[in-house]
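Working notes, beginning with the structure itself.
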Amino acid sequence: MTAPVLKVSDLKKSYGAIHAVAGVSFEVLPGEIFGVIGPNGSGKTTMFNSVLGQITPDAGRIELNGQDITRLSPVELNQRGVGRTFQTLQVFGKMSVRDNLIVAAQEHQGSMFGRMFAPGDSGLGARADALIDQFRIRHVADKKAGELSYGQQKLVDIAMAFMSEPDLVLLDEPCAGVNPSLVGGISTLLKELNKTRKGSFVVIEHNMDFVMDLCHRILVMVEGKVMALGTPAEIRSNKQVLDAYLGA
Amino acid sequence: MTDLVQLLLSGMATGAIYALAALGFTLLWQASGTINFAQGEFVMLPAFMMLAFNTMGLPLLVSFAFTCAIAVLVLGWGFKRGIADPLLRFGMMPVVVATLGLSIAIRNGVRAGYSAEAHPFPSLFGDTLIRVAGVTVTSGDIGTLLAALLLVLGTQAWLSRTVTGRAMQAVAQNTESATVLGINVPRMVFYTFAINAVLACAAALLVTPTYLAKFDMGEGLATKAFFAAIIGGFNNSRGALLGGIIVGVSENLAAHYVSAAYKDAVALVIFMLVILFKPQGLLGQKIERKV
Amino acid sequence: QATIKIASLQELSGTGATVGTNFKNGMDLAIKEINAAGGILGKKIEVTHYDTQSNPGVAKGLAQKAVDDDVLAVFGPGFSGSMIVSMNETRRAKIPNFTGAEAASITTQGNPYVYRTSFGQATSMPKVARYIAQNLKAKTVAVIYVNNDFGKGGSDMVTKSLADLGVKVVANISTDPGKLDFAAPVLQAKQSNADVIFVYTNEEEAARALRELRKQGVNKPIVGETVLTSQKVIELAGDAANGAVAHIGLSVDAPVPSMRAFRAKFERDYHYIPDHNGIKGYTGVYIMKAALEKAGKIDRAALAKAMKGLTISAAKEPGVLMDVSFDDKGDIDRESFLVEVKNGKQEVKAVLPALGSKKGG
Amino acid sequence: MKKSTLFLLALGLLLLAVPPFLKNYGIYLLSTWLVYVIANMGLNLTVGYAGQKSLGHAAFFGIGAYTVAILMQHGISFWIGLPVAVLGCFLIGLALGFPALRVQTIYLAFATLGFNTAVWLVLRNEESLTGGTFGINNIGRPELFGLSLEGSLAYYYFVLGVTVLLSALMWKLLASPWGKAFTALRDNPIRAESLGIRIQAYTLLSFAFGAVYAGIAGALFASLVQFIEPAPFAVGTSFMMYLMVVVGGPGYFFGPLLGSAVGVLLPEWLRFAQAWYLFVFGSAVVLLMLWLPDGLLSIPDRVRARRLAREASAARAASAAAVGVQA
Amino acid sequence: MDDTCIEFDNVLAGYGDFMILNNLSFKARRGKITLLLGPNGAGKSTVLKTLFGLLKVRQGRIRLDGQDITGAGAKELLVQHGVAFVPQGRNLFGQLTVWENLELGGITLGMKTTHARIPEVLELFPRVKERLHSRASALSGGEQKQLEVGRALLLRPKVILIDEPSIGLSPLVVADVFRLLRRLADEGTTVLMVEQNVKSALKMADEAIALESGRLVLQKPAGDLLSDPNIERLFLGGAHAGAAQPA
C-alpha cells in the first residue's frame, strides 16, 4: 500500500459552542482525486483552512508525505507544493489577469534575493499563457482581474492554484458560478494533470455531477464529523448521505 | 493621597475633553469607514462661530444652537456633498488626504481671515472652585465630564439601538448591499456627518474654555483624540471616553511620577501596547477575518 | 532705486503664528507711518513678508530669496532656530538682519549683521534673577518652562543667573507646548516648596498655569518674564492673573506716553492689543530708520556701520518709543519694567534702568 | 512607453540645464524638492506599492538627518555617516515593520504615527546627543572626489545625481518579481500568502527600503539646510509626505516627483496669495483629490483605460453582431 | 394588457466606457420564472444590475409592467415597484449579526412588519435560524447565501431578480430554493434568475433567455430547451464560445 500524500487525523476546530470541525480523519493517496461534500455549514471550509494553516486547529495532526505540517503557515505549505483556492473570490483585483498568474508562481523561481534581479515575469510567461488558453480567458488576459465577471474571476482563481505546478491542490467549490461548458473543462484538466503529473486533488463541491464523475473517493461531512467515506458509487447509494445531503 | 486624587480628577477632566474630540472619530469610523483628519478643525470652527454670536450679545446656549444649525449645513451637508460623496468609494487614501488638505485650508483660513491670537471662551458651567477634603475641582471640570459621558452614551445608543444607527453602520460596511436593500444611502451618510457636526459643536462648547479659541487648537486636540480613540477602541463610542480618560490621567500621573519630558511617552506606550496586542481597543470588538 | 526694499521673514503659520503675526503687524504700522511722512531720506519703504511656516528649512530658503532680491535689510525670523539658519545667509550677503529672536547664541557668534530689537535672554534673565533674589529675598525657585528652544533657553539662563546670586532652582519642570492640564506641573512646583515660582511659557500655557496655580491655592509669589503678565495672558487667565509679577522689556502698558500712543494706533488698525512682538516689529523699523538717517545714505554697509554702538533717543525719533542703544554684538539695551497684575491690569512696580546707564536695579 | 521616455529625457535635460540660470533661492527650492522626491519614493514603496499605511515616514527622515549631523559634529565624514544612516534606517525600518504584521489599515497608520512621536520625543529630549530643542547647527556639506559641494549649485547637482541613482534602483526593484510581490501584498495579502509569497518578509522589507530612502533624504536634507532641530521630523511632516505621495499617485513610479512638487513647490508659487497662501494650498489639495482621487499620475492611466474600454466595447459589439438571434 | 412584466428595449449599458449590453431587447412574463443563461462574462449579472438601477442606461428603455423605469434608483424600484435583488457574490454586513442583517433587509417596510415576517423566513432556512445572533461574517458560504435569499424574501417582492442562487448551496438547499421560487411564481411573483446550474434550473423555469456578448441569442420555453438536442452543444459544450471565447 502506498503512503498517503495527506493524512489528517482527528482534526478539531470550535468557535465557542459551535464545533465546526469535530474530529475529522482521512487520507489522500498519491494521484487521487478526493472529494469532500456535505451540507452547508458542515465544516468543510473550516477543515480546509485548518489544514492549510489559515486558521489554527484546536487539535489534531496533519501530515504531508509523512511529515508533520500541523500549524505550518500557508506560505510554508505552498512552498512544499500545496496549492489551493478559496471559497470566496480571491484574486489580485488591481493586477492584470496575466500578472495574477505570474505572481502565483514566481515565489517558486529561484531565491528571494535572486528574484530581486530577475526579469519581471520570472520566465513564467509561457506557462501563464498556456493556462490562460486552457481556461479560455485569453480575451480578458490583459484586463484587471477585479473587473471580470464572477465566473471569470473564479477561473483566474483556479488557474492561479495550478501555476506553481503543485503536487497537491485543495479546491473549495471550484465550479461555483462557472459555466457548465467550462466545468467540463476543469474536470478534464484535473484528470489530465492527475494522469501526467500524478498530482493529487482535494475538491469541495456541491455540483454532484462534477464530483461523482471526477473523484476517486468522496468524504461526506455532516455537523463537523465524517459521515461516510467511499467511492462515488458507494456514496450515491448511501441512505444516510441521501437523506442528509443529496436528496432523492 | 490628596495629591493623587487631585491628579486623577484633573486628568479625568482633561480626559473628558479628549473624549469629546475622539467621539467624532469613532462615529465617523463606524458609520462611514473614514477618518476625518480635519476633525480638530471641525471643533475649532464652531468655537469661533459661537464666540462670534456670543460677542454679538447672544447668550451662550443660543449661540450654540445657531452654531449647530450652521455646522450641520456646512460641516455636515457641505462635507458630505463636497468630500464624502465623491471620494468615499475610492477608499481611504483620497479621503485622508482631502481632509488633511481641508484642515490646512480651514486652519490657515481662520488665521488669515480672522485672527492668529488665542481668545478666551466663556464656560457653560462657570468656573467655581469646589474644594473637598483638600482636593479642588472646578464646576467646569465636572460639567465637562458629565456632558462627555452623556454624549458618548447617547451616540453609542443611537448607533447600536436604533435601526437608523444600524443602517448607518451598514452603509459603511457595504455600500452596494445597502443600496440593494433600499437603504437611503445618501441620507444615512448625511445623518452621519450631521451628527458628527453637532458632536463637534458640543465638543467646541465644552473644550474651548480650556483650549481657548485659536486657529490651531484643532491640531493638538486631534492628536490626543486619535490616541484616545485607539486606546478605547475605534469601533466603539464608549471606547472614546475610556480612552480619553486613560490618556488624560496617565499624562498627569506620568508627569508627576515619571520624567516630565517623557510624559507624553507614557500615553504613547499605552497606545502602542494597545495597538499591538488589542488593536480593536480596550472596548472594541474584534473583527475576525474569514477566508 | 526708488524705494527701500526690505524683506521680512516671519512665523506667519505653524506654532509661531501669533509671534510672527504681531511682529508683522507692528512692522506694517511703522512702515505706513514712515511712508506717509515721506519715507527715509526721501525714499519709501517697500516690504515683502514671507511666511517661514515656523520651519528653519523654509526660513533658510526665504533668506536666500531675500538675498537674491537684493534687499537692504531683513527682519526676522523670530524663532531662534530659524534665525540661526537664516542669519548665515544674510551674513554671507552682508545684509543687516533685525530680529526679535531671544536665544543667547544669536549674538555670540560674532555676526556683525544681526541686531536684536528686544532683549535677549542673556539680558533679561539676570534682571529677573536679581528681582527674585534681592526684592523677594527668595532662596529657592521652582521653574515651569515650555519645552522648546525658547523655553529651554530661558530656563537654562535663569537657572544660571539665579545660581550666580546664590538662589537654587529646586524644581525644573518642563511642559509641552500646547499643554492643557497644568495639574501635575503645579503640584510638583507646590511640593518643591520653593519660595518663588517662575513661569516661562507661551501665552496660552501661561494662562492655564496661572489658573491652575490659583485652583490649587498656591500663595507663593509667581514671577515671569514678559509673557506672564502680557495683555493676552490677563485676558485669557482672568482673575487668576492677579498678583503675577514679571520683568518686561517691552510692554504696551509701560508708563510711557509714546507706548500708550502706539498701543492705541495698533488697536485702531488691527483691532487687538499687541504683545511685545508687535512692539519689536514696530520699533525695529524705526531703529533701522534712525540708523539709516545717521548713516546719511541708503546702503547696507553704511547701515551696518551705523548700527554699531548706535544710541537713539526717543525724543529725536519717537518711533523707537523709548531710548535704546546697541552694543557691538547687536544686543539692545534700554529701560525695562517690573510689572504686577492688579485687578486685571498691568501695573508697573518699578522701572529698571538700562544696563548701560547704571548697574543694579 | 516612447512618449514617457521622451518626457523623462526632456525633464532630465531641464533639471541639468536650468539651475545655473536660477538664483540661490530657486536652486535651494529645487534641491529641497529633490530631497523630498527621494523620501517620498521610499514612502511610495511602503504605501503605494505594498499598501502599508505608514504615517511615520518623517521619523526615518529625521533619523537619517540626525545620524549624519551628529557624526559630522564629531568630525566623522558624511561618507561614513551616510552608510551608517542607511544601515540604521534599514534596521529600524525592519523593526517598524513588525507592527504591520499584526495590524493593518488605520491601526497600522496610528502605530507608525506613534513611532514617529516616540522618535521625535527622543530627538527633543536627549539634549546631550541631539542638541534637543536647540538643534544642531553648522552642519557641513560633503566633498565628492575632492570636489567641494559647499556651493548651492554643486550641492544641487549632487542631490540630483543621488536622486537619479536611487530612482534607477527603485525602478529596477519594482520591475523585478519583487514589484509584483509588493503589489500582491497590497491587493490581497490572504491570497498572496497562499501562493507562497512571504508576506511577512515583504512587509518588513517594504518598510525597511522605504526607510532607507527616507534616511538618505534626511542626510541630504541635513547638509542642505545645515541646521536641524526636531520640528521638521514631527508627525506633521509624515502627514505631508503621505499627502504628497497620494496626490502624486500612490503606486505610480513617478508619483513622488509630482507629489513632492505639489508639497514643496506649490506653496512657494502660491505666495502671491499673501496671508492666504496656505489656505489656497489646502483648498488646492482638496480639489486635486476630488478631480483625481488616484493622484495626478492616474491621468495617463485614465486615458488609457478609457481607450481600452472603448476598444473592448467595439470588440464586444462586433462579436455580438456575429452571434445571430434564434427564436 | 399583455402579461409582459420586464421589458428591455434596445438597452445599451456598461461600466464606464465599456459597453456590456449591446442593444439588448427581451421580455419576461409576469408570474413566470425566466432564466438568464450564457457563458461567463456574457453580461447576465449586468442585466440584473442595470435593471435594478445600479448601472446607467446609455440608450434604450427598460419597462416594468409597461411603466418606464429607465434610470429609476434602487430604492424607488424596491418601494414603489416591489422589485428585490439578490446579487452575485457576498452581500452581507459582516460585522452585524444575522438578525441585524435581516432587520436591515426590511428597512423599507418598517420594523413592525419586518419583525413579524422574520420568523417566517427563518422557518425556510433552519440553518440560518440556528446562527441568529452570530455575526454574518462567521457564517459558512452557503449559510450566508441562504441568509441573503431570506433577506430578499422578507420583502415579499412582486419581482425578484436573483443572481446564481445555487452558488455555494448544497443540493438539498438548492432544490428547496428552486421549489420556493416556483411556488412564489405560481403565486404571481415574477422571477428573473441567472443560473449556471442549467439542467436543474431549466426543470423549474418557464422560459429561458440566452445571452452572449451582451446580445440575446435565444429565447425559448424552458421545457423546449431542456428537450432540445442542441442544449448539450449550446451550454455544455459551448457552441458560440468561438467569437468571444476562443478555446
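By letter and in written order, the chains are A, B, C, D and E; residue numbering begins at 1 in each of them.
Please note the rule applied: contacts are C-beta pairs under 8 Å (C-beta built on N, C-alpha and C of every residue); 3 or more make two chains touch, one makes a residue touch a chain.
Just so we're clear, the structure is a prediction, and the values are computed from it rather than from any experiment.
Visitor: Tell me which chains count as touching both chain A and chain B.
Guide: D, E
Visitor: Between A-D and A-E, flag the pair that has more C-beta pairs in contact.
Guide: The comparison resolves to A-E.
Visitor: So which chain is farthest from chain B, going by the mean of the CA atoms in each chain?
Guide: Comparing chain centres, A lies farthest from chain B.
Visitor: Of the other chains, whose C-alpha centre is the longest way from the centre of chain D?
Guide: Chain centre farthest from chain D's centre: E.
Visitor: CA centre of chain C versus CA centre of chain E: separation in Å?
Guide: 75
Visitor: I'd like the Å distance between the centres of chain B and chain C, where a centre is the mean of that chain's Cα atoms.
Guide: 36
Visitor: If you average the CA atoms of chain B and of chain E, how many Å lie between those two points?
Guide: Chain centroid spacing, chain B to chain E, equals 43 Å.
Visitor: From the C-alpha centre of chain C to that of chain D, how far is it in Å?
Guide: Taking the mean C-alpha position of each chain, the two centres sit 39 Å apart.
Visitor: Among the residues of chain E, which are close enough to touch at least two other chains?
Guide: Touching at least two other chains: 15, 138, 244.
Visitor: What are the residue numbers in chain A that touch two or more other chains?
Guide: 54, 86, 88, 90, 139
Visitor: Two or more other chains in contact with one residue: find those residues in chain D.
Guide: Within chain D, the residues that touch at least two other chains are 124-125, 190, 274-275, 278, 312.
Visitor: So in the complex, which bits of chain A are touching chain E?
Guide: Interface residues on chain A, with respect to chain E: 15, 37-42, 45-46, 87-89, 133, 136-140, 147-152, 154-155, 173, 176-182, 184, 206-208, 245-247.
Visitor: Taking the touch rule as given, give the residues of chain E at its contact with chain D in the complex, in rising order.
Guide: 14-20, 22, 212-220, 240, 243-244
Visitor: Tell me, which parts of chain D touch chain A in their complex?
Guide: Against chain A, the touching part of chain D is residues 172-173, 175-181, 183-184, 186-188, 190-201, 312, 315.
Visitor: Quick check on the complex: what are the chain C residues that touch chain B?
Guide: Residue list for chain C touching chain B: 12-15, 17-18, 20-21, 147, 173-176, 178, 180-181, 183-185, 187-188, 191, 203-204, 207-208, 215-217, 232, 235-236, 238, 272.
Visitor: Looking at the complex, which residues from chain B come into contact with chain C?
Guide: 3, 6-7, 10-11, 13-14, 17, 108, 111, 115-118, 120, 127, 129, 136, 138, 210-212, 214-216, 219-220, 248, 251-253, 255-256, 260-261, 263-264
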